[in-house]
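Each of the next two complexes has subunit A plus one more chain, namely subunit B in the first and subunit C in the second.
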Partner chain A sequence: MLFLIIKRILLGFITLFIVSIITFVGTEVLPGDACTTYLERQAFGEQLEACYRRLGLNVPAYERYVSWALNAIQGDFGYSLSGEMPIKDVLGPRIKNSLVLASAAIFIGIPIALILGIITALWRDKLPDVAISTVTIFAMTIPEFISATLLILIIAIWLEWLPGIVIVPTDVSFLELLPNIILPVVAIAMIMTAHMARMVRSSVIQVMASEYVQMAILKGVPYWKMVFKHVLPNALLPAINVVALTIAWLLGGVVVTEVVFNYPGLGRLVIESISNRDLPTVQALAIILASIYVSINLLADLLTLMLNPRLKTLQIRK
Partner chain B sequence: MMTDIIQKVKNLSIGFRSKKGDEILILKNISTNIKKGETVGIVGESGSGKSTLALAMMGYVKHGLYTIGGECQFNSSNLLKMKSKDLEKIRGRKIAMIPQNAGQALTPNLKIGYQIDEALQLHSDLDEIEREKKISELLNKVRLPSPETIALRYPHELSGGQQQRVAVAMALAGTPDLLLLDEPTTGLDVTTQAHVLELLNFIAKDTGTSMVYVSHDLGAIAQVSDRIIVMYSGEIVLEGPSRDILKKPIHPYTHGLLKSIPKLSLAGLPESMPGSQPQPGTIQGGCSFFDRCNFSDDNCKNNSPKLEFLKDLNTSVRCFNYEQLVNENEVSQTVNKIKNKSLDKEILNLSEVSISYAKQKLLDQIFNRISDENPTVKDINIDIKKGETIALVGESGSGKSTILKSIAGLLRTKDGLIKFDESRNLSSDLKERDPNDLRIIQLIFQNPDESLNPNHTVEEIIAQPLKLYFGLKGEKLKKNIIDLLQKVRLGEFYMSRYPRQLSGGEKQRVAVARAFAAKPDIILCDEVTSALDVSVQAAVLNLLQQLKEDFGTTYIFVSHDLAVVRAISDRVAVLYQGRLCEVGPSNDVYKFPSHPYTEVLLGAVLEPDPDIKPKLVAEDIVEERPPEKGCSFQGRCSRIVGDICKKEIPPWQLTDSGNAIRCHIPIKELQKQQF
Partner chain C sequence: MKLDNIYKEEKKSAFAKLSEIIITMASRPSGLIGLSILVFHIILAFISPYIAPHDFKAIDPTLMLQAPSAEYWFGTDDLGRDVFTRTILGGRTALTITFFGSLIALLWGGLLGIFCGLVGGKIDDVVMRIVDAFLSIPWILAMLLIVSLLGTSTEVLIPALGFFYGKGIVRVARAATHDVIAKDFIVSARARGHSNFSIIWNEIIPNVRDAILVEGAMRWSWMLLGFSSLSFLGFGVSPPTPDWGLMISNARGLMSFAYWAVIAPIVGLSSLIIGINLTADAFAKALGIDRSTKAPV
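Up next is the complex of A and B:
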């Protein structure tokens, strides 16, 4: 078990290393560089040389990679080009904002998804299932930029209940941010919840049809006890990985929604820094997003391993 | 008299609605009574409705099916109309179920102890300490070793036999009046099966519980039941005292069935029954057994017979012409003795073959070698003569299928040589075999549902080897396919069908045709009849034998069923834990003296005859891996002679008839002990 955990963590680091190389090489082979972008039309001669020296672009690429990687490990991603401030200062509030958005969506979405999924499965083909399933399939298929726009149109413009776009400084306090995030959270949670509810539904139905559930019924186990003891623990195990992927997707910045609502999170930062050719920030973002994916998937795998007695003993036996 | 009846099934019909909206019956107007303390065997092939009937006796109807009419009365209340609250009080407490596949029927995330405790909590008033004691008692009763530790395990940590015992313990927890057993021993090894049956018999006597034993296996039914109900396509066709049904069945279906089951005492292939059981909803009036029956006439074609109770025989029968069978003597089996022209020429030679499943270490992967001190299969030396049928037998884990895979080139061997035609070395790695090497050895798998591509028509399936090995095209290809189909007794019109449109027996025929399409020298048969119904099995075995005689093919036949092996093979090799125990002509292997393991296997075979009881010689312990040294069977052997069995690998000894036995006990001594 311990060996397995160490192995998985090592694999995670290798993944991150590969991602870092790909992003570094990627930004390297793109035409133009930070100095040509920054200096624009003055990008020639003495001034360009000076800029190269200042930013350290005059040394070979692999040396730059090594020093960049060493600094990045310590949390220092260098300077943002557009703001001329340390990238970690740019990232800090953005990460916080994205975390607020994601956790709100998670805390609202996951319980609702579980409940809806279980209800639809237990009342399979009956009215509750048909009604909820129709809604979830509908919510799943509408792209988020449409549902977000519709939300703004109805709630913000027609009803004027909530602000339509988020116009706050990047580093506002949580309480001030709260009314602003309701619409984005609803927009994100709709798709996420629908996806997860469908997944939970099919997983519960599969377990309900299993021989051990039939056995539990024939043993005289009362219905709800059977659902909670025999069905749900087995049905929800496979859902853990889906939940993990969803969380990673949320933390990675829900780009479209953030842009539509003008929300100052990681997703919008990705778009901004790409359009500003702010390559150091793009690199930093790529690494951070990759680490989020890797670590959340790792957590999910370990959780499944811990909760599934079958996997646990298999590992110990080996 | 009425008080004696514990469960009364009255005019029960259960069915489903087809996509076209027609009502299709799975059970047709079933009526029967289960009396207190008796064991009733319900026997039938897959699709006969026997499991549906057993579940209905618990008031349970599977998703998709519904009750069309009739009742299942328990204590004079109809279970099929009962509220689920009331059913919960009966299920597990008054009527309990022992499922077919305990491995699937135990909830994977709950410990064994909890699952039994749950039944106790629901159906007894015991407090926690008493329940704990009771769990140990129950696990003891089903003869599980060290109950305290077993209770803390998860289902997947137990062997199949142990899981089945846990299911029995769980059913006994509520001290039910009626036990329903749905194929409780079907997935188990022969020896485990005999042990579980013996346990069930003991429990029936000990507790006085009534039992309904559902199985397709007449051998198992014969060992437990007082009364037998024979079902065929949703109807009861014969019902009566167990002995009469097995010795002198008066329904043509049962008669034919008993004739088609291979017996240990008879070498040669039994007569086969034509056709297969009709699918539900396809019968158009008349007797459902009409087209397979040897006694049928026009009356049978147009009118369906009623179940008729014959007072003097105490038997109910659904047949117009049963009288023709009443005066017949006991079922006498006629067999076609197999006559193989096995030549002196060796076609395949395995020498010193070892196979390992151990995970390769990094270093070994780099040097492309396998290092394992104690491989799964070791020291296999067999010469296979051209034209013979050699059978590999043993329980699960004996390595019989593993050896087959290596011969087919699907699994790399660790050591040893596989030689074809006395000269040509065959690599056990598929990639190193040329097309001709691949052609000469063909495989027929256990389950045709999985070995035939569901998206290919029969034509495409059989065309593949013809195109691949012989490059046939157009008319010639088609003619060859039709030829092959005729050889396996299937008409030309099968060409356009998909596997799902065929019955189990027909699918296996297509698999046989595909194997023969390559014109192979050797065909590897991996449990080819285990997935088939009994009445179809004999037909497939006869077909295999016929084809072999026509083409002079060599068969390597793997099976766990010793009676089938007896019927079809010239020579038998007995394996335990991947080591050979005994090799010899099948006539001699089935006679004493035998290797102690062969003795155990032969003793455990269940024959469809109430007078032949299994002999349980050894414990049915499951060994995870072969012992490091000494005899492979030392862990379970009842004739162990001392330290020598644990330290030294036993020598091969030859009997007078040319049977080789690997044992430390001298042949003469072994013979004395076994007689």
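Up next is the complex of A and C:
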């Protein structure tokens, strides 16, 4: 058990190590380096030399990787090119804002997804299922930027209920942020809820078809007692992993949503730093987003392991 | 003599099997809707240059932001271009790029997955760790980086998308290979002294093909989503090429005056993505593969 946990954590670190190499090599191999891409036409002579010296690009690549990685572990990602600011300070408020957005979406999304998933599974192929499933399929297939744009068009422009675009500075207090984040949260929660509801639905349907549930029905266990005691605990366990993967997958979608709403989070920073050709910041973002992905997955695995006695003696995952 | 007959029956049924699959897909309402939408979009992509009523790049300042009329069915955009023309042309680039991208993804992802599943051991471990690492970088960040450094031409976008959406197929192909690898016919093929290549080609591919094809169909819709997100963010095809993602992002700023310029491409893109999704789902069900418990990775 303990061995499995340690192995799982180690694997996570190995994955992150490879990610760091991929991002480093990626920015290294692609044409142009941080200085030439940033300075563009002025990339020659004195200015280029100064930039190289400032970023330490005049030493061999592997040495740079080692020092960058050592600093990154301590949370120091060096300086961004455009803002002349430590990347750490740029990232701080952005991470906070994105966290507010994501956690609000998760807190709203998970209960709704559970309820919808269970309803659609218990009334499978009946009217409630068909209606809800149609809506969830629409919500999960339509791109984030389309649902976000439609939300702005209908709620903010036609009905004029809420502001459509976030126009607050990066470091604003939570209460001031609140009315601004309702639409972005709805946009993200919608897709996430739809995904999770589908997973919960199929998980519950699978358990309902299992032999011990059939046995309980034959034994005459009251329907709702059976649902709550026998079906749900077993059905929701495998859903944890899938929910984690869904959340992690949405990291990409959050980028787009943040851009649509002009929300000052990590996602917009991704676009900004890439447009500004700020490769040190892009590297830092890649490693941070990958860490979030890896830790969410790790957390889900450990949670499943702890909640499921049967898995204690098995391999966690393939 | 008898063996010969069996062989002939197998051969003959290849086309029949395909039409059988399509009929099974169309027998479900969702499959029928998905197939019709997809076929409609594909036909439209082929014929739209010949039926487009206006020039897609003709800029006319006197016709800026006209509401829909008999002449301009979906109105005009901020440069006076006909939205109807641009909308029916808008799917061509997206469909072409994502179709060929999906093919590339299927090929390299499928083959690498089968290879890893068959060989196992150290090579498999190393490859899977690298695939895991790529999976944990958000797709949008990686795509944006490649596109912003290498450019947004079709020659860059197709392999880049094909590469990034293939990594998930590696896992599926590997898992499918693991399912068949211990079966008797593989063991006997090995005992007969067949090479790895022969085993992959003759024994494994026919058995894992369905699973990989279904995954590829699903990737197609995600790739379309990814590609249009790139266009929307300004990192996809370059103007004045008509493209839905680009059209939505351009018309978005003015949608309080001219909602038609944003609604038309939204309907085009959403219907195509939903069409591909429903088709892929029906395809999976027709082949008897359950995708419902899969996570979207």
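Heads up, the rule we're going with is that the second predicted complex is superposed on the first by the 301 of 318 C-alpha atoms of A that agree within 3 Å, B and C clash if a C-alpha of one lies under 4 Å from a C-alpha of the other, contacts with A are read in each partner's own complex, and residues count from 1 in each chain.
Going forward, a contact is a pair of C-beta atoms (placed from the backbone, for glycine too) under 8 Å apart; a residue touches a chain by one contact, two chains touch by 3 or more.
Computed from a predicted model, the values in this text were never measured in an experiment.
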Practice problem: Answer with first, second, both or neither: which of subunit B and subunit C does A:Lys96 touch in the superposed model? | Solution: neither
Quiz item: Once the shared chain is lined up, is A:Ser203 touching subunit B (first), subunit C (second), both, or neither of them?
Solution: second
Exercise. Return the chain, subunit B or subunit C, that is in touch with more residues of subunit A.
Key: C
Quiz item: Taking the superposition as given, does A:Gln214 touch the first partner, subunit B, the second, subunit C, both, or neither?
Solution: first
Exercise. Considering only the touch criterion stated at the top, classify A:Arg268 as touching first (subunit B), second (subunit C), both, or neither.
Key: neither
Exercise. Please indicate which partner A:Pro222 is in contact with in the superposed arrangement: first for subunit B, second for subunit C, both, or neither.
Key: first
Exercise. Name the residues of subunit A shared by its contacts with subunit B and its contacts with subunit C.
Key: 318
Quiz item: What residues on subunit A touch subunit C, complex-wise?
Solution: 11, 14-16, 18-19, 22-23, 26-27, 30-32, 37, 137-138, 141-146, 149-150, 152-153, 157, 195, 198-199, 201-203, 206, 238, 241-242, 245-246, 248-249, 251-252, 255-256, 259-260, 270-271, 274-275, 277, 282, 285-286, 289-290, 293-294, 297, 318
Quiz item: So in the complex, which bits of subunit C are touching subunit A?
Solution: 129-130, 132-142, 144-146, 148-150, 175, 178, 221, 225-226, 228-229, 232-233, 235, 245, 248-249, 252, 255-256, 259, 262, 266, 269-270, 273-274, 277-278, 292-293, 295-297
Quiz item: Which residues, counting only subunit B, touch subunit A once they are in their complex?
Solution: 55, 58, 60, 63, 84, 87-93, 96-97, 99, 101, 104-110, 118-119, 122-123, 154, 156-157, 167, 170, 174, 359
Quiz item: Which bits of subunit A are touching subunit B when the two form their complex?
Solution: 209-223, 229-230, 233-234, 308-310, 313, 318
